[in-house]
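Per-chain residue numbering starts at 1, and chain names A, B, C and D are given in the order in which the chains are listed.
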Amino acid sequence: MATVAFIGLGNMGGPMAANLIKAGMTVTVFDLVPAAVEALTAQGALSAKTACGAAASADFVITMLPAGKHVRHLYLGDDDTKGLLDVVSKEAVLIDCSTIDAESAQVVGKHAQAKGIEFMDAPVSGGTAGAAAGTLTFICGGSDKAYQKAQTVLTVMGANIFHAGATGAGQIAKICNNMLLSVLMVGTSESLQLGIDNGLDPKVLSDIMKVSSGGNWTLEKYNPCPDVMENVPSSNDYQGGFMVDLMVKDLGLSQQTSVASNSSTPMGSLARSMYVNHARQGNGRRDFSSIFEQFTPADKK
Amino acid sequence: MATVAFIGLGNMGGPMAANLIKAGMTVTVFDLVPAAVEALTAQGALSAKTACGAAASADFVITMLPAGKHVRHLYLGDDDTKGLLDVVSKEAVLIDCSTIDAESAQVVGKHAQAKGIEFMDAPVSGGTAGAAAGTLTFICGGSDKAYQKAQTVLTVMGANIFHAGATGAGQIAKICNNMLLSVLMVGTSESLQLGIDNGLDPKVLSDIMKVSSGGNWTLEKYNPCPDVMENVPSSNDYQGGFMVDLMVKDLGLSQQTSVASNSSTPMGSLARSMYVNHARQGNGRRDFSSIFEQFTPADKK
Amino acid sequence: MATVAFIGLGNMGGPMAANLIKAGMTVTVFDLVPAAVEALTAQGALSAKTACGAAASADFVITMLPAGKHVRHLYLGDDDTKGLLDVVSKEAVLIDCSTIDAESAQVVGKHAQAKGIEFMDAPVSGGTAGAAAGTLTFICGGSDKAYQKAQTVLTVMGANIFHAGATGAGQIAKICNNMLLSVLMVGTSESLQLGIDNGLDPKVLSDIMKVSSGGNWTLEKYNPCPDVMENVPSSNDYQGGFMVDLMVKDLGLSQQTSVASNSSTPMGSLARSMYVNHARQGNGRRDFSSIFEQFTPADKK
Amino acid sequence: MATVAFIGLGNMGGPMAANLIKAGMTVTVFDLVPAAVEALTAQGALSAKTACGAAASADFVITMLPAGKHVRHLYLGDDDTKGLLDVVSKEAVLIDCSTIDAESAQVVGKHAQAKGIEFMDAPVSGGTAGAAAGTLTFICGGSDKAYQKAQTVLTVMGANIFHAGATGAGQIAKICNNMLLSVLMVGTSESLQLGIDNGLDPKVLSDIMKVSSGGNWTLEKYNPCPDVMENVPSSNDYQGGFMVDLMVKDLGLSQQTSVASNSSTPMGSLARSMYVNHARQGNGRRDFSSIFEQFTPADKK
């Protein structure tokens, strides 16, 4: 059985590591928060005093961190500290599941390549529910070899695994997808409210558009108008789901990427500004489909 | 068998009427263009000297005209001319399949109701190919009774028939859908180009987003990036399909509606401005997925 | 001295008529609200039982009404009612100061021309303060002759009088200006907040941009950020000034015009959607510079 | 008289350094391009073999470089190379006139402060014409002391000198201003074209808006519609002036800043996407007022 080091045991990382343990793998964990480590050791994980200690002898190293600067520092170290790339086995496959800027992934990838180590960026979608159920989506950037080897661990944690291209491509594909998602959500919201303002039943209108050329993921799975679908955040006061603050973060990454490649993203940048305003009005911790309320008259909320 | 009057025999109306003839119905046609009439009489239609003459004794009257002013005039007449509502049987069902402003449909509907005549707006989508194949989508606005009766003729011409609500609701639902479609098309185009600008293969990125939360009709059926899908306009130099000029028309209707109901449609209005600029640059008669080229560097076109 | 008929004595029309009286003109007034009429007769106006009665013998007829449909009906009448054009002297100059759609102005203008009567659209800006002070701006559409003759009354009520072109041009120029104003206001607001978010003093930043290439009317006269300027609505909890609801109305007219001429107005339509959302959140009766609050974090308001 | 080191002698830096020489200062120059150095030594400058050599004994060090990474490297050096901060006198004032990201300016500022050296960011506007004429605008970020001392050299090169705040504030204020400028330019362009599409003379409309609430710098100094003003790029086939590519660069900086501070900039980001599309269509080296052509029908260009 494979030995795995898992570094970063937050809301996502914790249940992902737990699924690897359940599958019988030897998992050594590390996190700066002792309680997060204890929760995993109670389920059978080993622990290490440092991230490098956890990673040193593992077949697979999986990391799940908040931002690019954390990933760079963990993998590359600094003048005083060794990085993961300084300690891991040349046979190991390193998989960063964080959602970060593509440039950071590419920088780490270059350093890994220079040392002959396989590194792959593999950001996930599917949320904490998907992490717990082992049904995450992984969008991978790295060599074919790394992608093939990584199946051993990714298939345990996820249901859909894509190979987007070379290192960094996983991050790019994810932010393209999430930028498009934000556009679908805003566009669907304003279309539904335009129908409502003109006397249409949003359920009837949703049913029509869902099977017409307006059809999209939000109408299918995640209708933003309250009481059109059951078991979605909009029918539960926009609780749960994917937080506005996280969408703002992802849209920030997409705009950084757009600026870096001199690309034009009029819809995506407009969605970002609308989500920032929405967050600033106090909605940061509500589900991202609550953007629908930006279009609703105050007395209808 | 039902008797049908069909008024307006253009690119859409002609093949729609032909399908009714093929189904064995007695169809009396009228159009201002003699050649259009002759094309249908050659297939077995009767003809009449005036629209009112065609409609006077029909069970169903179907109209397919360019704009709201034509529909108003045909149905309501003026000081010198009788309108359809002045001559049809009280038992007839009148179905306007034009894509027009909802207000015109509502005005005609009110006059019809005052005379005890069933009138329904039923704008279509599916293009000339759908008209010929009898696979159009009809989105209907009118009473349950009118909607039920109209099945006799609509099922001959279409594959999907929706009841959006009262008179005018068909127009509203269609412009909501087409506004959303334009947002999907622009948003998908900019997301694909952002990926391309960062080294991704548009086919791989499309495959990933199609089954992820970015999934939408354009990725499924009508990818705007050349050579990603076969048999779509983008792989045929944006020939055929749904013309930019027609999208501009529909987006104009959606903005009229948005202004009339004091609604907010940031994505839809941005799409309209982008399509207008695209048309003004000489692309009016190309397929609407050619908006993708707005995002492409000149040397890549 | 000139004789004037003044029809429509609301917040704007009342003080405008009063200034004509003060200038010694014989003013006959009409309004559907008796109290509005009485307020003017107390200042020396004559009154008439009908609008046509007031207008029949006047040298100048001035109208100030809410929307295009009111203007059309007043000037053109209907099957049962005479319109102003049916009763006025051929020597009279008719001046509509309402802010309405250009098409209505053009329709009235054509009917007037057919009867040999001079008609001019002359929408105003400057608000109730300008109406009281006689310092309004008039933007006129009509013949040179009408424009020259109208100086007699316009100079009494206003300080700046422009001739934009033929009939309807006054309305077009006004909605172009007000659309641009909305863009200046939103663009200035987001620029100031971007500076604030990055540690700049909004007063210092305003002073810099005002004399640089970002200089515009809002920085000069109407800074949207509280406490940067004195005696502007932003420093008085956004009371007074030009209401959000009125900006929404004007932006609706600009979008109707944009659709009718197939024009592209990406910034203007985005501003409209933002103002509609702002109004729907309960800000309709606050000053239009309150759009600044859309960009401000909730805890800073 | 002051001794000055001037590093970076491009289209802007060259004439700026020349003005210091003309004012009688002792100027030592450095540039990687020998011809650029020779052009200045021919005017009386001294030259040095390295940037550090030029700066070592100067009272003022002025730098004018393309991007943040160049500025960081020049001031901070790296493992193998000394930076300016390692060699200059503690009494010197260092002034970076480059337009770069604020973060780079702040990083350099912190290092300078740690060494007790006065550093100021002072990006300029006014173009090559202003550089030659000595009429540039400087927007400065740094301590009061640095700002006061810098007057000695800044007043020789510029006509307007602003103190925006602490280190980095000069860059922030400049990108706020230039973002707003892009919004003024696009908004004015679409407003003028809306008027033209509806029959107005753009010169008349410009004259009206310029003195009304739509008034802004572009109408005053830089009208984007051909043949409205003399001696502006729009009346010279959009030659000269401020290039589209440079506006794209500045708008990229503004979006980076907006993302970093989680700010909402709907108009600014829309302007950026429009300018990117415009550049991608082959207009990168034309004046930025050529965005007007995006709104013009193809047959009118």
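Criterion: a contact is a pair of C-beta atoms (placed from the backbone, for glycine too) under 8 Å apart; a residue touches a chain by one contact, two chains touch by 3 or more.
Protein names from UniProt, one per chain: A, B, C, D = 3-hydroxyisobutyrate dehydrogenase.
Predicted model, so just to flag it, every value in this text is computed and none were measured.
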- [ ] Consider the two chain pairs A-B and B-C; indicate the one with the greater count of contacting C-beta pairs.
- [x] A-B
Open item on the list: Taking the mean of the CA coordinates per chain, how far is subunit A from subunit C in Å?
Closed with: 51
TODO: Please work out the Cα centroid separation of subunit A and subunit B, and write it as a whole number of Å.
DONE: 39
Task: Residue list for subunit A, restricted to those that touch at least two other chains - done: 190, 258, 262-266, 270, 273-274, 277, 280, 294-295
Open item on the list: So with touch defined the way it is at the top, what topology do the chains form here? Options are line, ring, star, complete, other.
Closed with: complete
Task: In the complex with subunit D, residue positions of subunit B that touch it - done: 190, 270, 273, 277, 280-282, 294-298
- [ ] Enumerate the contact residues on subunit D facing subunit C in the complex.
- [x] 102, 125, 137, 139, 160, 162-166, 168-169, 172-173, 176-181, 183-184, 186-188, 190-195, 197-201, 204-205, 207-209, 211-217, 220-222, 254, 257-258, 261-268, 270-271, 274, 294-295
Task: Sites on subunit A touched by subunit D in the complex - done: 248, 252, 255-256, 258-259, 262-266, 269-270, 272-274, 276-277, 279-280
